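What follows is a structure written as structure tokens; I'll ask about it next.
As written, the chains take the letters A, B and C, and residue 1 is the first residue of each chain.
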Amino acid sequence: MAGAATPAAAAAQPPVAERIWRRFSPAQRLARFSVYLVIVAAIAASVQSVEVIPEFLADAPEQVVDLLTRMWPADWAHYPDTVHDALIETLHIATLGTLLSLVLAMPVGILAAHNLVPSTPVNLIAKLILVSSRSVNSLVWALLFVGIFGPGALAGTLAIAFRSIGFVGKLFGEALEEAQRGPIEALTAAGAPWMSRMTYGYWPQVSPAFWSIALFRWDINVRESAVLGLVGAGGIGMVLDSALNLFQWPRVAVVLIAIFAVVVVAEVVVTQVRRRVI
Amino acid sequence: MLTLKHLSKSYVAGTPVLTDVNLDIDARGITAIIGASGTGKSTLIRCINLLVEPTAGEILFEGADLARLSGKALRRARRHIGMVFQEYNLVERLSVMENLLSGRLGYVSAWRAWRRKFPPDDIRRAYELLDVVGLTGFANQRADALSGGQRQRVGIARAVMQEPTLLLADEPTSSLDPKTSVEIMELLTEVGRSRGIPVLVNMHDVELARRFADRIIGMGDGRIVFDGPAAALDDATLTTIYGGKGWLH
Amino acid sequence: MSSPAVAALPADPFRRSPWPRVAMVALVIYVIYACAQLEVSWARVEIGLENAGRFFARLFPPNFSRWELLVKGLQESLQIAVLASTLGIVLALPIGLCAARNLMPSWATWPARFIIVSARSFHPVIVAILFVKAVGFGALAGILALTLASIGFIGKLFTEAIEEISDKEVEAIRATGASFASVLAFGVLPQVFSRFIGFATYQLDSNLRNSTMVGIVGAGGVGGTLFAAFQRFDYDYVCAILISIITLIMIGEVLATGVRAIFIGNATLSDVFRRGGAHRREMHLEDD
């Protein structure tokens, strides 16, 4: 009978009428309750102290509609003279930044994978690099690189690359750690050196994951690179910034539509490539 | 008890799965529906509680035509029809107790269900049923930690929790090994007989059907081709139901 | 193996498809072309590297002397993140549910999908700029922008999670005569709950990161302080702000891990403190 496999000792069960059913143990309920309490307290504290002027909030829908009416009709003539070039520059920033991040992230990802580099301190340092890369937003990275290299696409490309290292390196490291041991052990047994184990043992296993991560990140980077110009790091964001500063709303509309179109196209490209190649 | 009149169903227009099924189920006893795969056994069972909507015909149950019901009236009728599924269909991430209590959902408001505030009577009955199906002590196990046989026991207990006046079972043993299949059929018939609930079960194992059913209905090509006591099921009838002869003996 | 089969083997067993090599060459050509387009040259990089030395020297030691302004900024960022996450999640749940094609008719899924797609189409910073223009400088613009971003992200993932659930479990609950709300509570929610907690905590993390940045465009939070410090070349203060932001984000990640342990792993508080991040379910959905 099934009763034989009973985990919670069946023999010790009290009569039916005395059994009490609870979904969670008291300690589990306490834990959940504490989280609820913290959430409610955080919301209450935020609502109370945040500096929001209620009139502005009430006014918001009207203002948004007003903004949209000022944007329309869009200034299409603006597209060929400046927007187009800036858009292409944005795509270059996203693509070059992604490629650079792949080059930089691969060694860090390898150092973070415990089965490849069996040294915990090295793994931790590599992971720290990855976490810092992700914690600093791409706009902040852009500010840093504008400070170093001056305004322009170079700063933007580096910002995209450094922001992406954490993402690519983390996922790549995880893919490496999940790799099947069998083929690698076979190569080790055959006396293959480290480099051969990498190229013939690991790479064939992780390359689909690697290209899929790269594509995924490229898609994200196309979106990200569109805003870098706001801090002077090149691309379409600079055109947006100047149009905003001059209150040229119809031009803003053109830029926004262009960004939207490019983001949609990037997403379609990524889905298609993923379906066909990977 | 349950009467099906001229029941027909076609998923794609022009290719009927069920054609003009007429059937009377008595207030007690085990009725087995047998037939080859794809002859509409499952569709027939699912039509009864309208998990599949019939294309035409009547389903008379407790004085109403279920085929015409919808919304609240349909939900009220469904409460009285317990159902056991081939793949158990337990909510995997919920505990055994929560799965049993889900049989009471037709009677408890959504708000109480959400907070798991079920009447003490329901919980007491659930514990009794766990003892009946041999799963004492399993109340807080998650359903995905159980074996196939144990899951089907929970499935039966959940159906009985509804206090149904009719139990449907859609291939309840097809995913189980032969020994467990017999145990599950024993449990199902025992539960049905002791509580006076008629059981309508479809299965493709002729031997199990012979062993447990009082009445057997043979289906072929969407129609009823045999209807009689288990003893009357002979090789000639089986040949008309399943076709061919080579598989016998 | 018989001899005809041996004869059929290619002459060079290591010969591969030529396409990877062609793709590599194309990639290299593209990189050279794009670098030329962006006017990226080794000379510029060299000048930059010289600058970098001076730049990093000025970052250290971090200067915490104006900590009051810093704390005020961080506080506002936190408020923005908390309120935007709350509003975003509360709004995203019904919208995401309406967008699920396996539960809802198409007249409900289309508008819901439209909302989700439009909320996702722009970077939160761009949305923040527009809200700053619409409702003025300050936290409100940041809250609205990040709320919209949260609706897009959580709405999309929640919809996908619901569309991937097992119909069988839902069918069984429906067969008991349960109402739609009860079917949601017992058939749908248990199947998507752990994933929902996963991306809700992820979104809180993500909103925290973004809330430290929307200030760059005037939408409140510590980002404004950061941007101002950059523009004044106040690099030691910049360093102090960056350290604080990274610390805040890491604390946020630890808290999120704890919440996931409690709600997904049914952990107790002492489990959480003892194991720290032992129950970790990493998610592959970084999108900020």
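The criterion applied here is as follows: a contact is a pair of C-beta atoms (placed from the backbone, for glycine too) under 8 Å apart; a residue touches a chain by one contact, two chains touch by 3 or more.
Note that this is a predicted model, so its numbers are computed, not measured.
Visitor: Which label fits the chain touch graph of this model best, line, ring, star, complete or other?
Guide: Basically all the chains touch each other, so complete.
Visitor: Counting only C-beta pairs in contact, which chains form the busiest pair?
Guide: The chain pair with the largest number of C-beta contacts is A-C.
Visitor: In angstrom, rounded to a whole number, how far apart do the mean CA points of chain A and chain C lie?
Guide: That gives a centre separation of 5 Å.
Visitor: Between chain B and chain C, what is the gap in Å from one C-alpha centre to the other?
Guide: 46
Visitor: Among the residues of chain B, pick out those that touch two or more other chains and give their numbers.
Guide: Counting only residues that touch two or more other chains, chain B contributes 98.
Visitor: State the interface residues of chain A toward chain C in the complex, per the touch definition above.
Guide: So the residues of chain A touching chain C come out as 24-25, 27-28, 30-32, 34-35, 39, 42-43, 45-47, 49-53, 56-57, 59-60, 63-64, 66-67, 88-89, 92-93, 95-96, 99, 131-132, 134-137, 139-140, 143-144, 147-150, 152-154, 157, 167, 171, 174, 220, 223-224, 226-227, 230-231, 234, 240, 244, 256, 259-260, 263-264.
Visitor: Please give the residue numbers of chain A that touch chain B in the complex, ascending.
Guide: By the definition above, chain A touches chain B via 1-3, 5-10, 13, 16-17, 19, 21, 23.
Visitor: Chain A touches which residues of chain B in the complex?
Guide: Counting only chain B, the residues touching chain A are 95, 97-98, 116, 123-124, 126-128, 131, 134-141, 147, 149-150, 153.
Visitor: Could you list, by residue number, the parts of chain C that touch chain B in their complex?
Guide: 166, 168-169, 171-179, 181-187, 190-191, 193-194
Visitor: Show which residues of chain C lie in contact with chain A when the two form their complex.
Guide: Per the touch definition, chain C meets chain A at residues 27, 30-31, 34-35, 37-40, 44-45, 47-48, 51-52, 55, 75-76, 78-80, 82-83, 86, 121-123, 125-126, 129-131, 133-136, 138-140, 143-144, 209-210, 212-213, 216-217, 220, 223, 226-227, 230, 233, 235, 242, 245-246, 249-250, 259, 262-263, 266-272, 282, 284, 286-288.
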